[in-house]
Amino acid sequence: MPEDALSTPILRGEGGRVDEQFETVEQQQTTAVTGLWVFLGTEVMFFGGLFLAFLVYRLVYPQAFIEGTEHQNVLIGTINTIVITTSSLAMRLAVRAAQLGQRWRLRGFLVIAINLGVLFLVLKGVEYYQHYEESLIPGHAFKFPEPFAAQAQMYWILYFVATGLHGLHLLVGIGVLSVMFFFAMLDKFGPEYYTPVEVSANYWHFVDIVWTFLFPVLYLLRW
Amino acid sequence: MATIAQPVGQPIEQPGRFTHYLNSEYGIRSWLFTTDHKRIAWLYVITLTLAFGLGAIAAGLIRLALFTPQGDVVTAQGYDELFTMHGVIMVWLFLIPSIPATFGNFFLPIMLGARDLAFPRLNLLSWYIYVFGGAWVVAALVYGGVDTGWTFYTPYSTEYSHTNVVPTEMGIFIVGFSTILTALNFIVTTHRMRAPGLTWFRLPLFVWTIYATSLIMLLATPVLAIALLLLVIQRVWTVGIFDPSLGGDPLLFQHLFWFYSHPAVYIMILPAMGVVSEIIPSFTRRPVFGYKAVAISSFGLAIVGFLVWGHHMFTSGQSIYASMIFSVMSFLVAIFSAIKVFNWTFTFFRGSVWLQTPLLYALSFIGLFVMGGLTGLYLATLPLDVHLTDTYFVIAHFHYIMVGGTLSMYLGAMHYWWPKMTGRMYPELPAKLAALLLFAGFNLTFFPQYVLGALGMPRRYWSYDPVYQVWNVLSSAGATVLALGYILPFVYLLWSLKYGEKAGPNPWGSKGLEWQTSSPPPRFNFRATPVITQRPHTQ
Amino acid sequence: MNEVVPKRVYFTVWIVIVVLSVVNAALAFVRLGPFNSAVTMLIAVFNAFLIVWYVIGVRRYPPLMKVIVAIGFVWMGLMIHLTMADYLTRAWSTTTTRSVTIPAGKAPFEEPALGSATRVPTAAVPPYEPTALPQLPGMPGGQIGVPTIVPTGQIAAPPARGRTVRIELSASNASFDKDRIVVPTGSTVIVRFTNDDPVFHNFSVYRDAAGQRAIFVGQAIRGPGAMIVYRFRAPSKPGVYLFRCDIHPVAMRGSFVVK
Amino acid sequence: MQQTASSFGGQWNLLFASEFALSAAIALGVFGLIGFFCYRYRRRSPFEVPTRPLRRNVFMEGGWIVIPTILALAFFVWGAILYFRMSTPPRDAETIYIVGRQWMWKAQQPNGAWENDELHVPVGQPVRLLMTSEDVIHSFYVPAFRVKEDVLPGRYTQTWFNATTPGRYILECSEYCGVYHSQMRGRVIVMEPKAYAAWLGTAGSESSAAAIGQRLFHDYGCINCHNPDGHGPAPSLVGLYGTEVRLENGQTVTADESYIRQSILDPASQVVYGFRPIMPSFNGKISEEQILDLIAYIKSQKNPEQPPISKTPGTLPNRSDGSP
């Protein structure tokens, strides 16, 4: 730190929770929220490239993709959709609890959100195991009724890449939420400081939104 | 920028020791763990210089090999690995981060009147990711090499190349995160960290271009990331995504690739335009003519630049109707560029023109950019592109933009802001000589390549028909002059760090906000938060 | 962005999304004709919108922030739109030309384009009439510009007139396991061809021994263990025709007898 | 500028010249103005403060937005029309098939004759090329015709031209396709219709054994594995003849005629080091004459490391395969 007192920012409010580059706590908060949204713009394009690839091959191989879709377990898919939506709701209620300073509710909702996220991954794992049983993992062991084997494999590659990347995002989200839970146990958050909870909630909702599109695209386009 | 109406707080003079960002802390740790955007900018300058050196050596060997029609300096395989190395290093490790990561990093917060970027630790992380990914890429390119060209066209890159395709792509994937995080930082900073009174239409033009550039980085890089990821998956897992023998469509890869790589050209050129828009007002004592048009045209370039990627694919088997859409969009790009050039030209009108080195670089930028941009028109014209694409015409065209444009302005910005960044002046005479050498050497090197392309010499040729030899020899000879023009600044800038004359806060008499603080600037840029009341560079 | 939203907003959105997701999943099993995909995707977009607008609370954001939120989605739309502009118009390219199928009597490629993975013998193309023009290998529908991998047909194509014969054929060690195939005149022939060699083979039928006038040219596949189903119409005129692998025309050939 | 020898060459040149004139005018105008301003308004004293700023002028700014837009659209329309014609072959075009592979061009004439790295076409006859690739993306490029179109594996692309002047023209691959991308050159030979017809008549009858051998090399599918780039599942046979070959069982043999013959008839007996025994036996499937032709072809395959580049400008290296 420079000894030049004037170039050191004055720490305002909240016991020094404003970082040196900011003027006010509002500025810091809106900056964090903006930052996450800008990052989500990148994420949208990342998944967008994947959706584009899927769309192109869906267009080129309509029949094979439909036959591929028919091997999906729509029941688990639907349950998972409900699970992740509920998790999203719990996370938003956690933010609300933080806003209102309800410490125990905040912790409780965080636990619910994290556990539902884990449940989603477990169900996804069950699905993956079913695919493995049916020899639907692309590669040398891939088996699919002719004549669509080669084309349906394309569907399965894109399916595994898409759900795999989504699962990875979910895993990261579970990590972030766990950190939030840890801080919530330390009582770091309150009505005047809950930006991290809100930012992680927004990320969590984004993971939900990706699934909102993946589910119909991968499971439901059957005609 | 504009004026500091009433500097809130204290004058620049401080009692006691003159503290600035360079002498506030010492030691290697104070650099490697700094969160100061100005120091991180220097970290980038050092690593970018290394990357540029490597890429330039590859370029030199390529020109040497093309001296004769038979490939006798290197083997065919070696030649392919050289141009891939040149392309990959220059594009991803030098040109994309060049001006944004260095001068953008250093001056964006200062021009906004901010104390630092919005996420300083993220900024440092970006640099570490860049170094890690860059080292990875260089290792893959040097130990083993890659022979696919920087474009990684499938199915060559997936099935037929037996070189380090996967490690290289992974490295580029990693470097991409650095780009994205830097862009995110710039965008959020521009939105949230502006000084009081600094409205959007009072922003310096450099900030406008950096903002537009960041937007492109943010929205294009992830598409490259997913394309490379799919390519890696395909190669490692031996499944077909872009491979026709397994049911894939290689053109889809080209679509995804160029959706990133065409806007990438605007990532390179827009910041250079921003620097020109700062240098010209400083050395003519005139605000840029038609400020709003120039500012908005940066955005126009960024947006329309996204809609033209298909002009790389006119002969690729793309639908001819899609080609027509992409062609008309490409012409629109030319209009936005034209607005900028004409407005710059009329900024000189009745100005007070001071021909110092930075202005020389800016002038050579305009010259080379006009030539590069106008030849872009030929490539946007469908039938002309059929003949000229994938020939040396394209090579010359994009080198005029990337080297003549971006690299010239990287050096121009280096000279313009050197006093502010280091507190010392560079020697004027060798600097002017270097600028002239660069301009002459550049034209000697790349103008013959336009002719070669019009004659029909395809790119990436290790050996070529003897009819093309004359022009190749000219080009290779020009490259020698060009190399001198690069080595010279390197020498005298280093020299000036120790022996250069001390620069005051504002050696150019510029109105820019960055010149209103001391040289070098203090740790948090300003003694007091400036208040802005006017457009940049207005009297 | 800091205001506390009543809980009922969140719960309402949650109920709507859960109900719509279940309805959407159920709709997948109800045939609505061409509307299935549209309805499915509309529901998805609507659910995503609810989350963004009400749960995250973008409706309370200042205008510039709304732009930031929207920009990724808008850009994704641009990318998909323009790429589709290529894919959807590729087949238009040849409308002014006569055709891309080869006139009768002219040789097709002697070496079919290798590496094409169409395991589908293009049933959307009308079943071969005895006088029908042969197809270029790997060019379903004879369209230039469309990837060969377009499976324009399904195996469940409308049943052809006449009888259907099924033939098992395999290739190993650069030879077919049959040197004589007998089919009734005008029948629909379905050949299940297995390639056990690590090289490309295909199956083609010609009118003449020189392999100049094709009746059917099949897609090449590379083994070992690869399988493809060919489907074509046998000539209506009885006679002895030639079948062969176009890649190994000397070593792999036999007579295709139509009775 | 490259010579022109096709029917749309003239229009192409006109379009190019027009754009050149326009761009030269713009460039010289901008350079001249900046140069003039830099001289006329040079700073005479360090304290000089310019006055009388240029007023914002809507007509001026509007002018350099509107006029370039109109010019650009005009060139777009002109280009699009010409491009459409260059992309759609006329109905009476003769179709020739082109197959690109690493690193050679193969063309099939209407009578079924294949030629390598050469393409004979009659003058004044529209020729439509229907093209595909066997491996990676190539690009069929004849500068003199202003014709270029990528050749893609797994699908067909087309282009067409109508040659106007007899002669020999450079044919190049312009899409990077691997190590010997720059060797993937050939020539287009434009002939008078009579000469072309005569050439077609003789094209079928190949004379040399090596030429027949090459044909067999393709017909038997040898080329699929013995890829000349050495990256196929089997060793490349280019430059094989006369070299020492190390076998999987540790022995070393000289690749002479009898070695080649035995490798064809009993491949499992002499597996080259580092390769799997996947080659089918051709015993009983191939005649002795054909084996001789194949051997002649393999002998003729010289190492391409030192490609024979002729010293005469404008001509291209001859391949020693004796193709028509």
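By letter and in written order, the chains are A, B, C and D; residue numbering begins at 1 in each of them.
We take it that a contact is a pair of C-beta atoms (placed from the backbone, for glycine too) under 8 Å apart; a residue touches a chain by one contact, two chains touch by 3 or more.
Keep in mind that this is a model prediction, so the values were computed, not measured.
**Student:** From subunit C, what is the lowest number of touch steps before subunit D is reached?
**Tutor:** 1
**Student:** Specify the chain pair with the maximum number of C-beta contact pairs.
**Tutor:** By contact count, the leading interface is B-D.
**Student:** Measuring centre to centre, with centres taken as mean CA positions, what chain is farthest from subunit A?
**Tutor:** In terms of C-alpha centroids, the chain at the greatest distance from subunit A is D.
**Student:** Which integer distance in Å separates the CA centroid of subunit B from that of subunit C?
**Tutor:** Measuring from centre to centre gives 43 Å for this pair.
**Student:** Can you work out the whole-Å distance between the CA centroids of subunit A and subunit D?
**Tutor:** Spacing between the chain centres: roughly 48 Å.
**Student:** As a quick test, compute the distance in whole Å between the mean CA positions of subunit A and subunit B.
**Tutor:** 34
**Student:** Provide the list of subunit B residues touching at least two other chains, using ranges where the numbers run on.
**Tutor:** 191, 219, 223, 240, 244-249, 251-252, 255, 259, 317, 320
**Student:** Among the residues of subunit A, which ones contact at least 2 other chains?
**Tutor:** 30, 34, 38, 41-43, 45, 48-49, 52, 56, 60-61, 150-151
**Student:** Hey, what residues on subunit C touch two or more of the other chains?
**Tutor:** In subunit C, the residues touching two or more other chains are 68, 71-72, 75, 79, 83, 87-88, 93, 114-117, 145, 147-149.
**Student:** Of all possible chain pairs, which ones touch?
**Tutor:** Contact pairs between chains: A-B, A-C, B-C, B-D, C-D.
**Student:** Help me check something: in the complex, which residues belonging to subunit D touch subunit B?
**Tutor:** 1-2, 8, 12, 15-16, 19, 23, 26-27, 30-31, 33-34, 37-38, 41-43, 46, 48-54, 56, 60-61, 64-65, 68-69, 72-73, 75-76, 78-80, 82-84, 86-87, 102, 135-137, 139, 141, 143-144, 146-150, 152-155, 157, 170, 172-183, 185, 229, 231, 305-307, 309, 311-314, 316
**Student:** Could you pull out which subunit D residues touch subunit C in their complex?
**Tutor:** Spelled out, the residues of subunit D in touch with subunit C are 87-89, 91, 93, 95, 97, 99, 108, 110, 112, 114, 128, 130, 132-135, 153-158, 216, 218-221, 224-225, 233, 278, 280-282, 285-286, 290.
**Student:** Which residues of subunit A touch subunit B in their complex?
**Tutor:** Going by the criterion above, the answer is residues 1-4, 6-9, 19-23, 27, 30-31, 34-35, 38-39, 41-43, 45-50, 52-53, 56-57, 60-61, 138-140, 150-151, 153-154, 157-158, 161.
**Student:** Mind pulling up the subunit C residues that touch subunit D in the complex?
**Tutor:** 93-94, 96-98, 100, 102, 106-107, 109-111, 113-117, 136, 138-139, 144-149, 172-175, 197-200, 212, 247-251
**Student:** Could you pull out which subunit C residues touch subunit B in their complex?
**Tutor:** 64, 68, 71-72, 75, 78-79, 82-83, 85-90, 92-93, 114-117, 145, 147-149, 222
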